[in-house]
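The same chain A turns up in both complexes below, where it pairs with chain B and then with chain C.
Our next item is the complex of A and B:
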């Protein structure tokens, strides 16, 4: 991420004044409004957001996603509509003993949430409450500005809620913790800015489920920032499911830092949302780290999905694996940019990356950019990217077994994407993802007995 | 036993074999670039009016352009006013025969190992020699003439075949295409021109040899090759420069046009002076090369062996317009010491069932940095198009870098693209195996590296394959034997 220097200033567009209006309007209602520490912290980031502006496709990182067009529109902070237990229950995952924080349009719905009875050393807090109750500590803990990032800065300025998850050394949360983000479309264009902070101490273990569900269509932008710190030998399993509804957009930036022998297994499925962008900035700062990133995206209609991944191997003997698959139908457009950066000290790194894509329609598009940047010599790095139609021989095989063409195509398309879905650790997430996948597969109705 | 790293370091002490300069009188334009210099070049070259205008137009465009910064190379800003844009060996008139060529130039080419006479008789390669900016001699012209093949310097072509030059010049790389292409269009002084008429298979390899001799000069040559329906031509290009402390700029443009069923094979062995071990001096090789497969079933194949230049920055590309046309790109790039290379290709699939194949092998040693940057784009109409890309990098030593930046953009359902890339070092197992069979370490490394590059080397014409293998050896001498 390069700071937009003077010469490249023109690649960013200045934010429209509506942002400043929204900021002024929201200041008095955002958590931590009385505390100067939080006020300053917000102002600092907002000023930088104004300074940086919004990226246009001329910025390399945003080459395939015109976010300025989608985000540089007047938006107010989303209000909290009423959502009952009946509306959300079907999205509960992680089993009966899972703990859950539920957010509606970026506001914590504490009456639906359940995080009590946590074991020793495990702390799960509402970030909004922390900003309100412990402003000085929060401002310090959330940290000052790193390098500028339009959306991360915007998130800090408008930060309203989120989760603070901290596991001390050796702490283990046996059952999954679900963060359920619900977006309920509203007549006017709105935005929400939640944040997730996860800190795992030495040998701590957490299974985090992050689900983003669109309950009603409408223009709503969710701008999520995630900070993940994994201590020595810590283990994080992270299942992420994105089921946005029509008109809802999502921009997410995840920054992860993994210490020695830490393990991360993340699986991400994007199965809905007008515009979804997931940016991942993964740093392997300790040696012998294992990181696995799985992803699947299946945009239909005019949806747009963009995955940007940067994996920094900063220490020796790290192992990273990216496995992303995409199926594009109708007029959908998907982009994948995965970059592996192996620093000079990161000898004996193993880094792999796969990106396979399937286009189902003549108007769908895929842009893939698998990238390697390597400064160490004793490494094994490889990447592969493919794009094409269904395998003719596989089709022929199925047809020779008596399936008609449409059935055979549905089965193969489903199987292509389902390979990633199977990597979800939580069975309920897997089931939910499979249902959405079937709904999006052409001729999927005939596949329901596969569920 | 010396490690691979130590032996690479040893090489730093070795001298650039082609680093001599020849004292011959030169006709030079004053330093700097402005409309007057462009006009002066036009006048020196006796340009027709349309070309003079074209140059000025390009120069005006260039003034409005920004030097690109997206490529992964670092160099101090170039002072474009500190370069001589025209330097010609002073010869009163164009020599009538090879014997009339200045003996000094002749002996320089002898030192380079390309005696003109010998080449003409023994090798059977028709060569166009470009000295600094001006084409010195073209061999075998008469014989080619019998077949209707035009092979001459581009300045001659401008006068002798204006209709062809005017039709095709700038049709693949427009004057305002990019910063360096615009600069080239404004000040290009010479280059080669090839026209192969319908149905003719050029019986010999055509070749150009480029050499920068003068200090503070830039070389801006322009090559234009047209293969008419059903024809075939294989073209070779080689380059060297004397050893100098300051950097010299080489901004060439190559345009290829293949009509129906025509095939152009373009091979380059680039060995410009790479600068010394500390990265002082050397050539900046900023070249725009592009081929257009205009016709059905046409084919353009780029093969390059890049061992020289302080900075290499080029992307030989294919625009696959005609249905069933084929584009190929084979590349070996070796960077050592402080060399930097950012090279790759673009394959733009427009026509139906177009196919492209990319094989890129990068070897990085010393403190060198190397990037493969490529684009494969399947346009909406590219039904059934196919691409396969393979780029492998090999790192020798722990201070070098190897990077891969491919862009894959697919807009057609039936198009298929595959990309694979690997990065590795010479494995200790492979070395140990060779050593245990009694092969000396240097030979073992040479064996492994040659195997690594074989796929590309096999694509080179015979005459070049030998030279390229030798160059590969010299470039990594010590580690590669």
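Our next item is the complex of A and C:
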């Protein structure tokens, strides 16, 4: 059906038939079920998913993550358990005036959400409601298939809910907008497929907070797709916090396109989840774009975290900066693959990448793979990856002030990761992240004063 | 209180001798200045006293009060009362200065069997000390030394020293990188700690600092040994005549 997919088939495995069963079972209940436009849209993507299959580690971008662990089990769409205000309030961020959409296992919890009273030019809608109420428009707006992507196609087929966020030219949302995704494990293996669409017009400004919280353990795969379009001089601050619980997995693909002089500041912390993979495909389409991507991951036990980033400098005078840090303990495994592609026209590009890692255990593992692909001649690009132990000079400094070795090691481990946490713009996100960081730091109980 | 006898220390896995028979005694209340050319072993001495690894003691002994200092871990030396104000203070992004100092103070108190200091008491004292040693109160909330200027880092060391009230202060080139105003403030902080039961070792390249922290003894360290000892006038003579002349005379 699709030539590129066929050509790479040998690197993909056919999905277990359970996906087809799940699709058949779900399609009659998914939003937009009566509308041929949505039905066709879903079918198109699902057919392509069947054609492509699930990636194996032989696919370059999946080299470090064997997704079979999370996806090769029969999964039905997750149902919505009862979650009350008391269960979720502690994850509210963005301050008292923040707007909030809350999703439980991929279902919008409208009674917990609050997006009323938005200023002129700001539209925040439930994607599920749009699919149901305006199917033809939704199918057009969500667009046809780009290149095949197993999980993006799967997301389209099963798309249940999410957020449609649109700011017109010059529109500004002064207070943050939080998208809070809660995962509550269920006895059987389940999955959820939310989507976030953000469109910022010229000079529009948004502070988006995206939090993924595991409330109860269990096999649950969240497969998120994010589409971000930033117009000329638009500014997006994007704080992303991932606190999955045992057994929960997360696969996310973010596609971002930035027009001239747009600014993106994204900070991402992964502090929980059996398997978490964040894929970023960032295009600097206009000139003078500023893009900053900060990230920190701290897997423990047998957790696995994979960050895959591709930054395409397509226009001149762009600036991109990747700053990722990782702390791996126990038998955890993390991977970082960051690729910078500077197109021929993208003269005077500044592109930087750092990936620093700390291994706390002999059995922990990090795979770090920086890549540069440069076709322009007047560019400044650099990348650096480190992997090591705590700085001996700093350890001595702390001990010479009376802290014992264990305490000094705790503080330095915390500090290593906290350097990224400090880049969160929202103080409440920073606080939540610091709490989880302390909980994951060996000897962290002694650090409670840091909170 | 501190008795160093015929101390031999080597670096680079023990292959390169740096201190070659250093002997020095510091009694309570005394201030000893140690001057010497580059590579004479000044910083090595300070690190060996504070317990940094990478320095192999190949001979001699160091007694501090009643203990064999060389047997102690760095934190045990701190608890015993030794404080090293470092030449290159370390930056610790992610850890607030005031948090760090309170942890440090309480760790020392615990090790000495004293009660921990309350948050209110600590903040009161910290504010007073910060003002005295010229540390901007904003720097107390910032991460330890992160993004501090050279002078701010040195003042922060003195702030820690005054807060922790050690028995023996070792200052390793605290004057380097300081302008004259900062030098005076730092010296005031150090002088405020002078007391009959506290000893000090002031390591410096320049006589200038000793105008403000007036020593009881000046030692010239060269090639791993104390080559000449005198009063504060020795530093002045050194400033005028240089090491070569003075040491040539000694030899």
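The rule is simple: the second predicted complex is superposed on the first by the 442 of 451 C-alpha atoms of A that agree within 3 Å, B and C clash if a C-alpha of one lies under 4 Å from a C-alpha of the other, contacts with A are read in each partner's own complex, and residues count from 1 in each chain.
Criterion: a residue touches a chain if its C-beta (ideal position, glycine included) is under 8 Å from a C-beta of that chain, and two chains touch if they have at least 3 such contacts.
Computed from a prediction, not measured in an experiment: that's the story for all the values here.
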First, second, both or neither for A:96, with chain B first and chain C second: neither
Partner chain(s) touched by A:396 [first = chain B, second = chain C, both, neither]: second
Touched partner set for A:187, first chain B, second chain C, both or neither: neither
Which superposed partner A:373 touches (first chain B, second chain C, both, neither): first
Which of chain B and chain C A:361 touches, first, second, both or neither: first
Touched partner set for A:405, first chain B, second chain C, both or neither: second
Chain A residues touched - chain C or chain B, whichever exceeds: B
Common interface residues of chain A - those touching chain B in one complex and chain C in the other: none
Complex contact set, residues of chain B against chain A: 69-70, 380, 393, 395-425
Of all residues in chain A, those that touch chain B in their complex: 7, 60, 344, 347, 357, 359-362, 364-389
Of chain A, residues touching chain C in the complex: 391-394, 396-405, 407-408, 411-412, 414-419, 421-422, 449-450
Complex interface listing, chain C residues touching chain A: 50-53, 73-75, 77-79, 83-84, 86, 89-90, 92-96, 99-100, 102-105, 107-108, 111, 143, 160, 164
